[in-house]
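Would you mind keeping the following structure in view while I ask a few things?
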Amino acid sequence: MSTGIVLQIAQTLLAILLAPLLMGWVNQCRAWLQGRSAPPLTQPYRMLRKLFHKDAVLAHDASRLFRFAPYIIFACMVLAAGIVPTIVNDLPFSPAADVIALVGIYALARVFLALAAMDIGTSFGTLGARREMLVSFLAEPALLMVFFTASLISQSTELPVIVQTLAHKEFAIYPSMAFAAVAFWMISVAENARIPVDNPTTHLELTMIHEAMILEYSARHLALIEWAVALKLFTYSALGIALFVPWGIAPRGDLGALPLALLALLVKMIVGGAALSLLEAISAKVRLFRAPEFLGTAFLLGVLGMLIHFLLEV
Amino acid sequence: MEIYWLLGIPLAGGTFLALWGNRRNAPEINVLFSLLTLVAAGVLTARIVAEGPIVVGDDWFFIDSFNVFLVALTAFVAFTTSLFSRPYMRIEKEHGRLTDKRLRLYHSSYQIFIAAMLLALTTNNMGILWVSMEAATLATVLLVSLYRTPASLEAAWKYFILCGVGIAQALFGTILLYFAAEKVLGSGGTALLWTHLNAVKDQLEPTVLQLAFVFLLVGYGTKVGLAPLHNWLPDAHAEGPTPVSAVLSGLLLNVALYAVMRSKVLVDGALGTEMAGSLMMGFGLLSVVVAAFLIKRQTDVKRMFAYSSIEHMGLVTFAFGMGGAVASFAGLLHMTMHSLTKSAIFFAVGHATQSAGTQLMDGIRGLIKTNPTIGWGLMLGTVAILGVPPFGVFASEFLIITTAMHEHPWATPFLLIALGVAFASIFGKVQPMVFGETELPKLPYQPALAPVFIHLGLVLMLGLFIPPYLALWYRQAAALLGG
Amino acid sequence: MALSSYFLVTTDHDIPDIRRAGFLYLLIAHVGAVALLLCFGLLQGVGQGLAIGDYTFNTMRLAEITPFWASIVYLLALFGFGAKAGLVPMHVWLPEAHPAAPSPVSALMSGVMLKTAIYGLLRVTFDLLNVQISWWGTLALALGLLTALYGVIFAAVQSDMKRLLAWSSIENIGVILAAFGLTLIFYTDGKGALAALTLTALLYHAINHAFFKGLLFVGTGAVLHATGERRMGKLGGLLRFMPWTGWLTLVGALAIAGLPPLNGFASEWLLLQAFLLTPGLTQPYLNMVIPVAAASVALAAALAAYVMVKFYGVVFLGQPRDPDLVHARRTTWAERLGMIWLAAGCVLLGLFPVQVIDWLSPVVRLLTNQTLVNDGNWLMLAPVSAERASYAPLIFLAVVAAIVLLVFFGVKRVYHGRVRRVDPWDCGYPEQDARMQDSAEGFGQPIRQIFEVFMRVERETPDPFDRKPQYRGDSRDKLWLLLYVPIARLAGWLSDQVGRLQHGRIQWYLIYSFATLIFLLVFVTR
Amino acid sequence: MSLTYHLQVVNLLAALLLLISFAMLSQRRIVGLVTLFAWQGAALAVSTALVGWSTGQHHLYYSAALTLALKVIAMPWFFYRLVKKLDVGRDVEPMINIPTTMLIGIVLVIFAFNLALPISQMSGTVTRSTLGIAMATVLLAFLMMITRSKAIPQVIGFLAMENGLFFAATSATYGMPLVVEMGVALDVLVGVFVLGIFFFQIRETFDSLDLKHMEKLKER
């Protein structure tokens, strides 16, 4: 049990620490693909440090909600990172929340962000909040559909059990998971504010979603949000890994498998980040009102995956 | 003995008021005679409840639980209506719509009308029943045209002709009945006595009786206001003075239906088929549906409630047509509830139209502001008549519909649709009359709304709880109707 | 009940809209009541022959009833209770009546009255009827999901606080009814344990809804009281002027949006679990369709979050859209206490799901003969087995709170806690004012655009040269137009046709009489 | 079965009654109508007396006397006076033209006979076949009320209907109990009295006895 707790804390801390690195890696890859000279891999860390040092600038009318939202968002992401298995499966904390609760955690973070964005009352904040909620109301059920497909296969909504079923039982090909995988990629793109749904580097009011919400934030609040964003990307990646390529995650109590698991994680993240940036580089951002269509497709793919599960796999 | 008092008092009242004229106390005398009638009816009722059915006066009068309940109801509503008409007619006179001469006519006709109805209810002779029904019509014709406006004349004319023709059919039916009875009972006085007929009903010639029933049904059905024979009813109700509308709606229709039911019992016995019941159900259903849709397009408040009377009489007819203990019970209950509620509504409507100076619903607004008692009376009466629980109409409608659902499921959709349409129409129209902004003046005299609330209170009470003796009484009556 | 609530709804009867609402309400409630009575009458009568019964539940329970009549009874019950609960398409009265009523009444109607309908439905279906047929469940499920989605979509486009909440009530009733349908499906399939799970979810959600919807209505009432305004487009920034109401309402909003660790999430979580357990069913078709139905529940829940962000954000956050709001009157202690206990309910019901389920178990056992066994400990909810699914809201809250505190003080200690107050950044567009914030209509616009098929949208777009531009967008319920208006028209047409009968000429009336007579004579002697 | 002479006369009178009904149906002038009505009353009175005489039902004499007094003398006189006073002796325009009315009338007669046939056969009275005629008279009177658009012809139609009923009562059943007959007669008397009042009221209000003025109360 105590090893379990130590491992749990270690894994969570690892996720917190590695998350900006993944962000940096994606940015670097993207810069390469766009033919720019890439920022260093540690750029996100430097930015966080810089932001933490600055004096916070708050609007006159900012309420406590505005000031506390970053902490809550960050805490939610840390919680998610604690639940999603990255290197070790079935840690003591994971029964606290299954995949449905995980979706709830993301939703909680998002709602706080949206509310905080509306707090000051600038037109950009509400605009961002509205767009964010628009994207999420379709992404969230789609994500649930993906999880449902996985949990129908494994008869459980517990992530450890899912991973266990997929990675450690006898190997089987699940066509439904292929659909789910495509859906999951589309959802991740949308949820992490990437192209083609959102552009993380833009500040054009016509296109921005996520950036519009955090325009009013500065210094440590902004740092926490940026960090939470990185963590979100990281946990989504980890989720993807756990659902679709879980091989390598160490089963519970098998300490010997840890180094291999860490290595597998790094490799998967590197490949995944590169793939993300590649896909971002070759696609164009869609118009805002195409976003529901995009996510609707993801939703349908998730549902299809589930149906295929019933047709082919039961 | 009570029976002679019962019939004699209103007759004497009519004569006296005709001679006395409209002096200062005429309305009070009217009330007094009505009260005395009520007392006589009460005594009679008590006796029937205690002793069971009686045949008195050389077989001329026959009183059982069925008609004694109607006698009590008639006497009661007649009394409350006389209470209501006192201030109402005073205000009408104030407004210059009536003269002393006409009020004299009104008061004496009113008493005669009550006497005729009571005679129709208590007589044992089908012929006398016919005669008194006709007399009741004649007594009210001139009341309908009391205002002498073109519209009221037209209404009275239609009332007279249509009911006259209708009742002529009933006479033909009665003749046919006599024709059949004569062979069994021999010619002479006894062949039209209901008790005698009832005793030998299974020996009566079926072919004749079914024809007789058609004529009787069409004849008395015209007076009940069954569609498509109902056309006189909305006109007469809308154009006559409101107390007359109240008694027409609350009492005369009942009495006519009573006549139909008396005939039905005989015909059922002779035929041994469902023919009479089916015809009544058909008429009832048609009336409910037609009336419901007609209600929807009304602009005149009294006319609307007249159609509502057609609807409810249709419902009662339907219930009686179904037959059986529950349906007959429900029909009787509904008859009572409808009489009490509808007359209460007419009382409230009467004062409302007086205060607004128009019968058009668009002109009546916000009663609850200027005349709260009228407003509340109208509102509560309306919800009661629409069958909203906990009022008694609800209980009886409920029983009727449930029984229909069991025995004739095909009829329930029609009933439900019709009730729904009627509900939406009436409530949608009454609501703005009661609520909202207004500039209506107050009435010159204090309106007599005690009757309204007495009636509604009774309806409410019967909706919540039917006293056991009353329930027993209804059951006996229902059994008489072939339950 | 209908009558008393009618008079409650029409308390302010001077306003025509309110009268209309009251009328609509009474009409539908009455039609529903008639259906219910028929339902009870049938229950009473079928077994007993036909007698005037005592209408107690005991007699009804004893009634032996054929599947055909049972189905009729069920359909009547569904219709009747559905009308009272606001099931689509009988929901039209609800968004009219709830806003029309004074706030405490709305809270009561939403929290309690809608639930009595659910109670009745449960009572009739599980307790009084001896037969249950599986298509009943499918029907209820389908209607429930439709109601849930319909409700939430319309909630998203409302611009009146109370209407928004009323539509949201429709959504929640839909969810509850879907749970009811699922319970019935499980129950008829012989899956008692699963039926118990679903029923628990249903009851849980019903209780939750009473709390958070009550909280929101009371909160709205406080706002209404303080500002006299219920159009969201005139409010804004109230968190600053009415902190108590603001913060407590936030709890309600988060709870209704189905966010952990509050109560809304707990019941929705249970329900989704139930949806995922359908592969146990014997009917393959249902097996496949029901998880897809879960998608609709998920969609409704996600949209509910959208709605609540809109509601809370527009009313309580941002800048006041009306300068007078600065003087918004503070709430009284009574109001606060009312809100506090409801908010506490939301929190506690969310944090202790295991205990709540324990409380509910007698009811569940009564109706399904099964109880929900919790596989976890007192902290952790694990309805089927810990392997299958688990959720521990208390741990959840503890961790989030711990991390928040840790980070908060950590950041303060390692760096600093300095804050500078400035004007909001204007993005290079000077002279921003409160009118430039999103209005309620604006916030709902994406949803309106996506789901325009369900609505009839009325827009008034201002002229570009208008000095005082006004924009008005109104989304009407298309079902009203597609279902109710045609019915009304049909009734009108029929009444016109019938009206022709009555056309004043006495000769015609005589002809009716004559024809009737001849017809009947032919009829009886044929 | 051979009938006695006076019963043959009753049958002849019955045929006359029917004939008069047809004549009334085709009569255009109100005064003529009143005359025909008086004749019908006379035939009725005679037949009633004959039936009473031949069957020994002596109370029928009262009925006959009553009929004679009311329907042959009092009412026609009243109507003549009324027509004169109100000056409405002009032609009446029927709603349907006369030949069509007559055709419908014949159909009605056949219908009534058909209806009465099975009943008459089981009757114990010797004058049973008159029931069909009585019914035909009633229906024809009904038809007349439908086709006339003035108040007085309509009322005469109504009274003719009453005649038919009375004929049914006396000839087919040898008369109803006396009390009933008295009551009926009283009602008719009062009815006519009320009608008289009505005519004046209508005339006063509408300036005419044309029923076309009385079509205001309807669904708009």
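We call the chains A, B, C and D, going by the order they appear; numbering starts again at 1 in every chain.
Note that in this section a contact is a pair of C-beta atoms (placed from the backbone, for glycine too) under 8 Å apart; a residue touches a chain by one contact, two chains touch by 3 or more.
Here the structure is a predicted model, which is why all the values come from computation and not from measurement.
Among the remaining chains, those touching subunit B and also subunit C are D.
Two chains share more touching C-beta pairs than any other pair, namely A-C.
If you average the Cα atoms of subunit A and of subunit C, the two centres end up 32 Å apart. Taking each chain's centre as the average of its CA atoms, subunit A and subunit B sit 78 Å apart.
As a whole-number value, the distance joining the C-alpha centres of subunit C and subunit D reads 70 Å. Taken residue by residue, subunit D touches two or more other chains at 115, 118, 142, 145, 154, 211, 214-217, 219, whereas all remaining positions touch fewer.
Annotation for subunit B: residues touching 2 or more other chains are 157-158, 161, 165, 207, 211, 234, 294, 297. Among the residues of subunit C, those in touch with two or more other chains are 499, 501-502, 506, 510, 517, 521, 525. Those chain pairs judged to touch are A-C, B-C, B-D, C-D.
Residues of subunit B touching subunit D in their complex: 125, 127-128, 130-132, 134-135, 138, 141-142, 145, 148-151, 153-158, 160-161, 164-165, 168, 171-172, 174-176, 178-179, 182-183, 187-189, 191-192, 205, 207-208, 211, 234-235, 238-239, 294, 297.
Considering their complex, residues 236-237, 239-240, 250, 254, 257-260, 265, 269, 272-273, 276, 279, 284, 287-288, 291-292, 294-295, 298-299, 301-303, 305-306, 308-310, 312-314, 317-319, 376, 380, 382, 386-392, 395-396, 399-401, 403-404, 407-408, 411, 414-416, 418-427, 432, 434, 436-438, 442-443, 445-447, 449-450 of subunit C touch subunit A.
Residues of subunit C that touch subunit D in their complex: 499-507, 510-511, 514, 517-518, 521, 525.
Remark: subunit C residues 2-3, 10, 13-14, 16, 19, 22-23, 26-27, 30-31, 33-34, 37-38, 41-42, 44-46, 50-52, 491-492, 494-499, 501-502, 506, 509-510, 512-513, 516-517, 520-521, 524-525 touch subunit B in the complex. Within the complex formed with subunit B, the residues of subunit D that make contact are 57, 115, 118-119, 122-124, 131, 135, 138, 142, 145, 151, 154-155, 158, 161-162, 165, 168-169, 172-174, 176-177, 179-180, 183-184, 186-187, 190-191, 194-195, 197-198, 201-202, 205-206, 211, 213-217, 219.
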